[in-house]
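Presented below is the structure to which this report refers.
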Amino acid sequence: MTPLAGYLLVAALLFAIGLAGALTRRNAILVLISIELMLNAANLNLIAFWRYGPHPEALTGMMFAIFSIAVAAAEAAVGLGLVISIYRHAHTTDIDLMNRMKG
Amino acid sequence: MEMIFYGLAALTLAGGLAAVLLKNTVHCALALTVAFAGLAFQFLELDAQFAGFAQILVYVGAVAILVVFAILLTRGSETPMDGVFSRTWLAGLAIAAAVFAVLSWAVLGSTRALPGPGGAPAATPTATVMQIGNALMGRYVLPLEIVALLLTAALIGAVIVAMHEKAGSL
Amino acid sequence: MIANLDQIFVLLKQFVIGLLPASWQPAAGVVLCVVAIICVFPALFAITVLLERKGLGRMQNRYGPNRVGIFGILQPVADGIKSLTKEDLVPLSADAVVHFIAPVFLVVVVFMGYAVLPMGRNMTLVHLDAALLFYFAIGASTELSVFMAGWSSRNKYSLLGAMRAVAQMISYEVPLLMSSVAVVMITGSLSLDKIVAAQNQYTWGLPHWYIFTPWGFAGFVMFAIAATAETNRSPFDLPEGESELVAGYFTEYSGFKFAEFFLGEYVGMLSISGLGTTLFLGGWSAPLAVLGWVPSWFWFFSKIMLSMCVYIWLRGTLPRLRQDQLMNFAWKFVLPLTLLNLFVTALWRFMGDGWERWVVCSAILVLAYVVMGRTGMHRDHLGARRYRYAD
Amino acid sequence: MQETISFTPQLAASPIAEILWLIPAVPMVASGVIALLKQPKRRTAAALAIGSLSFSLLLALLAFVHVAGAWALGGGIRETVNFTWIQVGSSHVELGWVLDPLAAVMLVMVAFVGLLIFIYSTGYMEHDENYTRFFCFLSLFAGAMLGVVISNSLLLLFMCWELVGLTSYLLIGFWYQKPAAAAAAKKAFMTTRVGDVFFLLGIVWFFAQTGTLLFYNGGAGSLEPAALAALLAQHAALGLTAAGAIGLLIFAGAAGKSGQFPLHVWLPDAMEGPTPVSALIHAATMVAAGVYLIARVYPLMQAGALTGGTTTALTVVTWVGAFTAVFAALIAVAQNDIKRILAYSTVSQLGYMMAGLGMGGVAVGMFHLITHAFFKALLFLGAGSVIHGCHEEQDVRRMGGLRSDMPLTFVTYAIGMLALCGFPLLFSGFWSKDGILEAAQHWSVAKAPFYMLVFGALLTAFYMTRQVGYVFFGYWRGHKTAHESPAVMTVPLAILAFFAMALGVIGTPAWPWFRAFLDGRALTFHMDGFAEPGLIALMGGSTAVVLLGLGLGWWLYGGQAPKPEQPDVLEKAVPVPWGWLHNRLYVDELYGVTVIAFYEWWARVADWLDRRVWGGAVAGVAWLFRGWAQLNRFLDTNWVDGGFDKGCEELATGGGLLSRVQSGRVQTYLRLLALAVVALVAILIWSSRA
């Protein structure tokens, strides 16, 4: 197995773990955590591709990773802010109970 | 080389798993930071110094603290009485597994077909801070500006969203 | 001879490594340096503690420790033995694992910071290209240990202290970073070695330290403020404000764990003053060209100890802030000034040599300082507290 | 008629001309700043306004000195600075400013009088709570007026012109809580609009013909021979050349601003505004803008006139001016409001200026403009001081005997009054009016204007004497006792009084400095300037007329002015014409029954049309559709609905089933998302395999 494939597999596994968390946990904050995990898995992919790709000097993957880190930070801030405000209204962070948008 | 890789992978995955599985929310957050740290080390292992340090600075330094704060601000939500997993956890697990299966299938299927660099790692690419800075100020200046804008918007948005209505004088 | 004295530690290391087989040498070198650091700085820590207790004693019209050894010199040793032999209490309800990890993590992280500090000519453990970033990344993660300590000991005081500490550290980390970015803008590199090299030049025998420029001076002042807050030192020592919460986030710690926190705090102070020295005070470079023959490491360490003395002096002088004052000060005074300082630095960079840039830059900074100071003082949160009686 | 003037065109403008634009710009900026000030910042506002205007005055003086110096070295100069404002395809609109004797003189006058009046206002408006607003408007006005003066482009001139109109509107309605003031402001705005519409037409036509709006542009300007010749070449209606027609249109605009006969109605009402405003805008500067405009486009008006001859445009100007002079003077006789009297006298003096322009050329008219600016400003400020002293009393019948109460005001006012009457030798008004009369005497077309103007002079002397008699002589008929005004008000009076007397010097026939300066001719002092045939006689005659007027006035009103209740002396003598005059010859009423009545009628017609015709049509259509709708409804209820209802029920049940999917749980959606991803990736790989 080539190192690239190794990293990709790790990333995929991490992504799957995150997805599982996002799909199964009930605490909204933990769902957010899981999403962060997924994002980081993506970052790992990007870096790995940059490292082992044909044109590392173009820095594309690196840049992509850095930008996505920045965006992820913003996403975390806003997401947690939302969770907190929801908690203020509903006094719970259990997303099974957050079905006000029920059709 | 291989050993380090496996060790880091194990660390990361263990952290991730713990973050997803543990009962106590704060423990989850801490485990999450472990996972982040592992990822950062993997970045370093991949000669992506800058990204690695940025990862530590942003995630371990900021996001983890943020999460912890959120957890403490939403008190009483750490341990729900009836189980931490939703009733449909089995389906979720299955789907996650399916996703992993497909992804790994894709990876294994494609990297074998990948030419040259797929095999032995290419000569270590140098990504000095200087280069990164030049790239950011040159080719990627527009994305940089956009990200700056996005961060500002996120800052303000987060403040407004999480602000007390009573204290809200904005 | 002089050169040897300057490089004595390097030579020593090479000598020791020389005794080992070639294949071990790189690893051995690293280990050697790490060991050196781990031995030197705790020693400095001990000296500092003694100095502090004596100095504070003098400032407060009392003797300070004077029983153990002559003039109480051996006091630190006694303290160490005491904390080692004391019983290590863990509250029943505490989260034992996290409670144990916190101090260890703190100490480890704090020591990691030294990896990139140039302590003398050719005396940097790791030559990182992004050394500054590394330092801040490491520094940022100390907050985590603080939080772990506070949260895990299941104690209102601890938790409050931890929250205060974390909030404070996060708030002051921004100015800290911003004020050092100014240096990076001028040097054009994140590598501390390069930064020191850039300052290690002389005109008319005077050094090119960044503190001797308008932006550098402003940057240094704000860096010092932020650093004081980062290390939870007085006047920013709310997290362990004895009068309000017993001992802050390490209320529930005792014995050696407590000693670890203590160590962590002081070693953190040492390292951050080392960073400040490197960024603004010319690192290991001599203050005058004529003093160039004195070993570089001597300058570095003397500068560090000098700033430690300043820390002690401040603690002896200033009263403690209030929480809201702390936050407002961070976000509404220091941060804007640092941002302005970045702008000024850019001006400095692009106005070319000549006296104009001195005038313009200092004018802008002084003006901003005066204006913001005045307006800030008028608003009640920065100024003295207004008491409102029942009306 | 004067011979055509030859100015040496300046190729490279001098530095002072380069920065000429600062003169209007500075007060405008100041007004902008003042507008941002808070209400209570009174001192700052006043300081800003006065400071900016004194700066402008300084520049103006520099410019004046520059021009005068160049003239003294021989020949007048005209420097222009032009720049392209808008570039539309090939044609481009240019703006610019000009510095020549005309502009220089006017600049100094406006800035100086304006400054004095600003200072005066600080005292007069002391107790007003909208102090800052007042100074904001004032300095905006000053800027706009100076802009009018320096502008070298008809378009720029028009912009500033409109700005001036706007500020006039704002300042007349400054006390908008008084309904009278608000009405007056509206009236002024509307009436001047009428003129401005013609003006705009003229501008557009001018531009269409000459392709440029610049007056002087090194030979390419619209007032320079080439363009004028082109204008003369082609003919408009009724035997007018294009030049003549445009001239008339522009004159209409000027008439609107300067309150010439058909459009004079707004000026008396404008006295509702604060007195400094009346002095500055409606006596000294703005109303003079019309005259200045004519003087500025004089080459156009004069185009096609053979030497010694005249043109249609100028003839019209003359007749209108002369008629206005007499007409307004007549009305002034029978007014009781101190400011109204002055207002009508302003109108008639403007008539004099117009006539002077028409018959005597630029210098004559402008000279009277300048002198008039000074003494009329003086009179208005004096009136303001009187009103101030009599506690906002404006009716002359409720005053009297003020010469003892307010001596300073009395002296200065008397000087201004004599200057206005044209009292011989010592007073500037005499010389300027004489210049006009002289020109009228030698006018080739008709003699009538001459006699009209003489009669006007007589009336002027008469009504001014009447006013003074009412106000300053006799005994005090008001309620509260009067008091002298503060120094900040009286000092400007004194200064103005000095100029009202001294200014005559520059226009005596013996030493016609002013004319020479404007015409850019060399100046010689020769006593035999008086020796021109008939000049002495003319002067003697006008003197006699003035003395007659004064005497008449004194005889009727000196000393024993009647009580407020009692009718006026003249009213007792000739009640009927008095009534007419007192009601301003019913011009307003005339407009009321003609123009306004017509508009009302037309509005009513339109209203009726709306209600009956269009309304009816719409209603009809509506009825039609209603019927159609009824039909549809019938069809729907009976046939269509059944089917629809069934379908809808089906849909509702289907929707209900579907809405189960919308559980509102995030994780459900996420799950579907993930499944989709799996499917997509699988498809991708599969396809790439094959």
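Per-chain numbering from 1; labels A, B, C and D assigned in written order.
Note that a contact is a pair of C-beta atoms (placed from the backbone, for glycine too) under 8 Å apart; a residue touches a chain by one contact, two chains touch by 3 or more.
Quantities reported herein were computed from a predicted structural model and do not represent experimental measurements.
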- Have a look at B-C versus A-B and report the one with more C-beta pairs in contact. A-B
- Rounded Å distance between chain A and chain D, as computed from the means of their C-alpha atoms: 72
- Message: Distance between chain A and chain B based on Cα centroids, please, to the nearest Å.
- Response: 6
- Query: When the C-alpha atoms of chain B and chain C are each averaged to a single point, how far apart are the two points in Å?
  - Reply: 29
- Message: Where in chain C do residues touch two or more of the other chains?
- Response: none
- At which residue positions does chain D touch at least two other chains? 667, 671, 674
- In chain A, residues with contacts to at least two other chains: 19, 23-24, 95-96
- Task: Mind listing each pair of touching chains for me?
- Result: A-B, A-D, B-C, B-D
- Item | In the complex, chain B residues that touch chain A | 5, 9, 12-13, 16-17, 19-20, 25, 28-29, 32, 35-36, 39, 42-43, 46-48, 50-51, 54-55, 58-59, 62-63, 66-67, 69-71, 73-74, 77, 80, 83-89, 91-93, 95-97, 99-100, 103-104, 107-108, 111, 114, 116-119, 121-122, 125, 127, 131-132, 135-136, 140, 143, 147, 150-151, 153-155, 157-159, 161-162, 164
- Message: Which residues of chain B touch chain C once you look at their complex with the stated criterion?
- Response: 26-27, 30, 33, 49-50, 53-54, 56-57, 60-62, 64-65, 68-69, 72, 128-130
- Residue ranges of chain A in contact with chain D within the complex: 19, 22-24, 31, 95-96, 98-103
- Message: Which residues of chain A touch chain B once you look at their complex with the stated criterion?
- Response: 2-10, 12-21, 23-27, 29-30, 32-34, 36-37, 40, 43-44, 47-48, 50-54, 56-57, 59, 62-63, 65-67, 69-78, 80-85, 87-88, 92-96
- Task: Show which residues of chain C lie in contact with chain B when the two form their complex.
- Result: 98, 128-130, 133-134, 136-138, 140-141, 143-144, 147-148, 151, 159, 163, 166, 170, 173, 188-191
